[in-house]
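Same chain, two partners: subunit A is paired with subunit B first, then with subunit C.
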Partner chain A sequence: MDQIFDVFLLEAVLNGILLGGLLALLALGLNLIFGVIDVVWICYAELIMVGMYMIWWMHSGLGLPLALAFVLSIAFVAALGAAMHHFIVRPVLTAEPINQLLVTGGVLFFLQAAATVVFGVEFRNIGVRLPGISIGDMNLSLARLIAFAVAIAAIAATYLFLTRTYVGTAIRAISQDRAIMPLMGVNPSRIYLVTSALGGALAGLAGCLLVLQYDIHPAIGLSFGPITFLICVMGGLGNLIGGFLAAFVFAQFISVGGFMLQLEWGYVLAFLFFIGVMFWKPEGLFARRR
Partner chain B sequence: MLRVAGVSAGYGSFQALFDVSLEVNAGEAVAVIGPNGAGKTTLLRVISRLIEPRSGDLQMEGRRYNDAAAHEVIGLGIAQVPEGRRLFPRLTVEDNLRMGAFTPAARAQYGQRLEFVYDLFPKMKERRGQLAGTMSGGEQQMCAIGRALMSGPKLLLLDEPSAGLAPVIVQSIFALMKRIRAQGFTVLIVEQNIQQVLKVVDRAYLLETGRIRQSGPAAELLASDEIRRAYLGV
Partner chain C sequence: MVKNVGWAVLAALVVAPWLGVGAYPLHLMIMALLWGYIYTSWSIMGRLGMVSFGHGAFLGIGAYGVVLLWNTLGWSPWIGAIVAVAVTLVVATLIGWPCFRFKIVGHYFALVTLALSEVARLLIVALRDTTGGSLGITPKSALTGDATGSLAALQFSNKLVWFYIVLGCWLAALYVWHRVDRSMSRLALEAISEEEDAAASVGIDVSRTKLKVTLLSAAMTCIGGVLYAQYQLYVNPETVSGIGISLQMVFGVIAGGLFVMLGPTVGAVLLLVLSETLRVLVGNQVHGLDLLIYGALLIFFIIYMPRGILGEVLHRLRR
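Entry: the complex of A and B
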């Protein structure tokens, strides 16, 4: 009896790690944009929702191969991210933070409503059901394993981009001293645009991974947006490494907590832990910036 | 090489520069000296196109560049070491230097110039992996100058390189100026430390309340009664 309990606990821990990788990818995009541009995109998860609908429309509607639909949707959401910056964020760059939140929050409702008008409220899926994998007594989902591997690879690629390239170095530098960037020959507006497009591309990629696991509906962003935001706050807003670690901590609460009690209790525990952290360290677990 | 002709500039209703003209010839080191608030930093900001002059002309190697964007100025061969050094504190020394070589033309020569900067400042090579914000003021000044040199500039603008540094370090900064001159760079330096700076430059302009009051060879200004009385306390 004892032994079976341990195997299921191990399964919960492993599932938590898999979920953590995906949440870390979500947090990275939001954190990157905030860390560089200093504006929180409240509507970040809605970009993911748009990406998921794009895939569904191109694959199930137009009959494009899934891989092509993935690539096109990542490119589309990247362009959407750049447009988001150019048309929505840039005009309010110097405005009060509350106004910035209201504007990006407005985009959240706009995208939700637009998706409802265009696609309806029905749950959609792309009709791909990946098999499970059994290891001993444990059952793991192949879709989750793929999502984890791709998310970690994308995070590693982003890390290399930020540390090994000129543009990546400029993205890290601009958050430390924007005013002197022109003296380096850097056009700050372009770096903001590149960062927003990169954040969008990461959202597009997250859409590809989520569409393999979840049905699509106009409000699906609400399943991930708040969690992503809390993870970023818990890791110290704008701190990429803090967000990465916080995603795994949060995922373990959800997964192991849900296993010990009930699924919903995992979320309750995770949010209780978040509230506790906010009392104990309001600047976030891994705060370093500011 | 650089010609500034009849520049007036200011912020809002405040006018900081009145009809300022100056010239820097290739191979020269020129100083703009003057008290705090004279408009020296504003002048460099105009030259780097960080602020728009109200009137006047900017020319680099005979080419008018009044319409260039701020980030295009470095492509003309003008690099600035800003006041207070302004390194990226949470980037390593080497990443700071890499930022200096951001323009496509500079990237092609990155390895070569990095070696040049490390030869000039061996200490920066030792500290290459250190976060720039954790270094001493003098070391940060070396890194800031190195960062500007990474673009391979024809003209180096230095804004108050001795400001905020301990007297001993100030000495070494001016020794550094001499070494940079010896490398053949053309230099325009803005400085409050008049006695020291006049020893390392060829010519100087005295800027007071936004107007050029006096100009000439450094030795002449150093000997001028007016400057000795007003600024050197002799």
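Entry: the complex of A and C
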């Protein structure tokens, strides 16, 4: 009896790791935006939702091959990210941080509602069924494994971009000291646009990975949106590595908590853990010294 | 001049139901006043630099508290309300005190309170055997036979009664807003929001002042939840808890005007007019059109009219 318990617990832990990889990808995009531009995109999950709908529309609606739909959707959300920065965030860059939160909150409502108006409230699915993999008594979803692998690869690629390229280094530099950058010959607003596009592209990629596992509906952003920024705050807003680690911690709470009790309790525990962390270390678990 | 107009409008409001407005407009007025009350409650702390995205939790505690205590234990909503307010005060302290002690402000405070509202919503859904989960819950009817109302059960089928109840609460909220506006707490909090350490150095107890206002705002919102549940006679987790309603509260106040007494009420009226107009024009065919416009309006307001409609109007009038 103990043996079976352990195996399923292990399965929950592994699923937690797989979930963690995906959440880490989401956290990366959000942290980049905050670290560089100092704005929290409350609507980040809605960008992912838009990406998922784009894929569904192009593949199931227009009949485009899935791979092409993925690529186009990533490009679309990247452009959406850049546009959002240019038209919506830029005007409030100098206003109170709360105004920035609220303006992206407006985008959240807007995108959710637009999706409802255009696509309706029914759940959509691209109809791709990937098999499960059995390891001993554990069943793991292939879709989740693929999502994990791609997420880790994307995070590694982003890391290389940030450390090995000129633009990437400029992005890291701006997040360290915004005021000095123009003196170094870098145009901050161009960097902000690039970062927004990158954040959007990561969201688009996350959409591709999620669309393989979940049905699409307009409110799906609410399922992982709040979680994503809680993870970022827990890891230290703007701290890319902190967010990465916090994602796995959070995912373990959700997965193992959901396994031991009912599904929602996993989330409740994770949120309560977050609140606890906030009181213990308000700057975040792994915050850099600012 | 403005003051006289204000009194005239108030007088008109008080006699309005007797002027023969139909049941539906009366319902709209009740909803406008109720949400105006709730938004005003939020704004008492919102305008003083503590923007909470978690008031959905307090609304939910009030709404679900009274309904559950009535349905399962038969406790009158009057007692249920007292219990709900007590729970709200405890929760607000548990979240607020550490936040203020550890100087969690701005973004971080907003996100912690957001977590709170989501915890409330998730708890309601998770305890589905008691609360009915996502399907919502209805208080058991206390009206048997020809009875049109029960004071003990706080249920009235006559909308007129509810109109005056809600009108009274709304006026009370405005009065509280006014008192806080005039109080030392308000001055203290403005000093705090400018430079917290300097304020502390002149002897302002930062955490205590913030907590006082937070408790007041939370308790008032909780009562709003009680009223909502008893009037609508149906609540579900989405309408009284969670990030959706919390954001809507914030948006309503911003749209109307955060720093003006009647701003939140104007915001409530605006949102109500918007959703009803769209419902009439477009019917229930196109879901989400009202949210679409809310979202666009919120963006518009934050960028071009951060003072809100009423704030902008008063600002112009003063020049």
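We take it that the second predicted complex is superposed on the first by the 289 of 290 C-alpha atoms of A that agree within 3 Å, B and C clash if a C-alpha of one lies under 4 Å from a C-alpha of the other, contacts with A are read in each partner's own complex, and residues count from 1 in each chain.
Throughout what follows, a residue touches a chain if its C-beta (ideal position, glycine included) is under 8 Å from a C-beta of that chain, and two chains touch if they have at least 3 such contacts.
As the structure is a prediction and not an experimental result, all values here were calculated from the model.
S.K.: After the match on subunit A, would you call subunit B and subunit C a fit or a clash?
M.R.: Fit.
S.K.: Once both structures sit on top of one another, what is the angle subunit B-subunit A-subunit C taken between CA centres, to the nearest 10 degrees?
M.R.: Approximately 100 degrees at the subunit A centre.
S.K.: Who does A:P226 touch here: subunit B (first), subunit C (second), both, or neither?
M.R.: Touch status of A:P226: second partner only.
S.K.: Tell me which partner A:A197 touches in the superposition: subunit B (first), subunit C (second), both or neither.
M.R.: So A:A197 meets neither subunit B nor subunit C here.
S.K.: With both structures placed on chain A, which of the two partners, subunit B or subunit C, ends up touching more residues of subunit A?
M.R.: C
S.K.: Look at the superposition and give the distance in whole angstrom between the closest pair of CA atoms, one from subunit B and one from subunit C.
M.R.: So the smallest C-alpha to C-alpha spacing between these two chains is 23 Å.
S.K.: Subunit A residues touched by both subunit B and subunit C?
M.R.: none
S.K.: For subunit C, which residues count as touching subunit A in their complex?
M.R.: 51, 95, 98-99, 102-104, 106-108, 110-112, 114-116, 118-119, 122-123, 125-126, 242-244, 247, 250-251, 254, 286-300, 302-303, 306
S.K.: Along subunit B, where are the residues that touch subunit A in the complex?
M.R.: 48-50, 69-75, 79-80, 82, 86, 88-91, 95, 98-103, 106-107, 147, 151
S.K.: Sort out for me which residues of subunit A touch subunit C in the complex.
M.R.: 40, 88, 91-92, 95, 97-99, 101-103, 105-117, 120-121, 218, 222, 226, 229-230, 233, 237, 262, 264-265, 267-268, 271-272, 274-275, 278-279, 282
S.K.: Using the touch rule from the top, collect the residues of subunit A that touch subunit B in their complex.
M.R.: Per the stated touch rule, the residues are 166, 169-170, 172-173, 176-177, 180-188.
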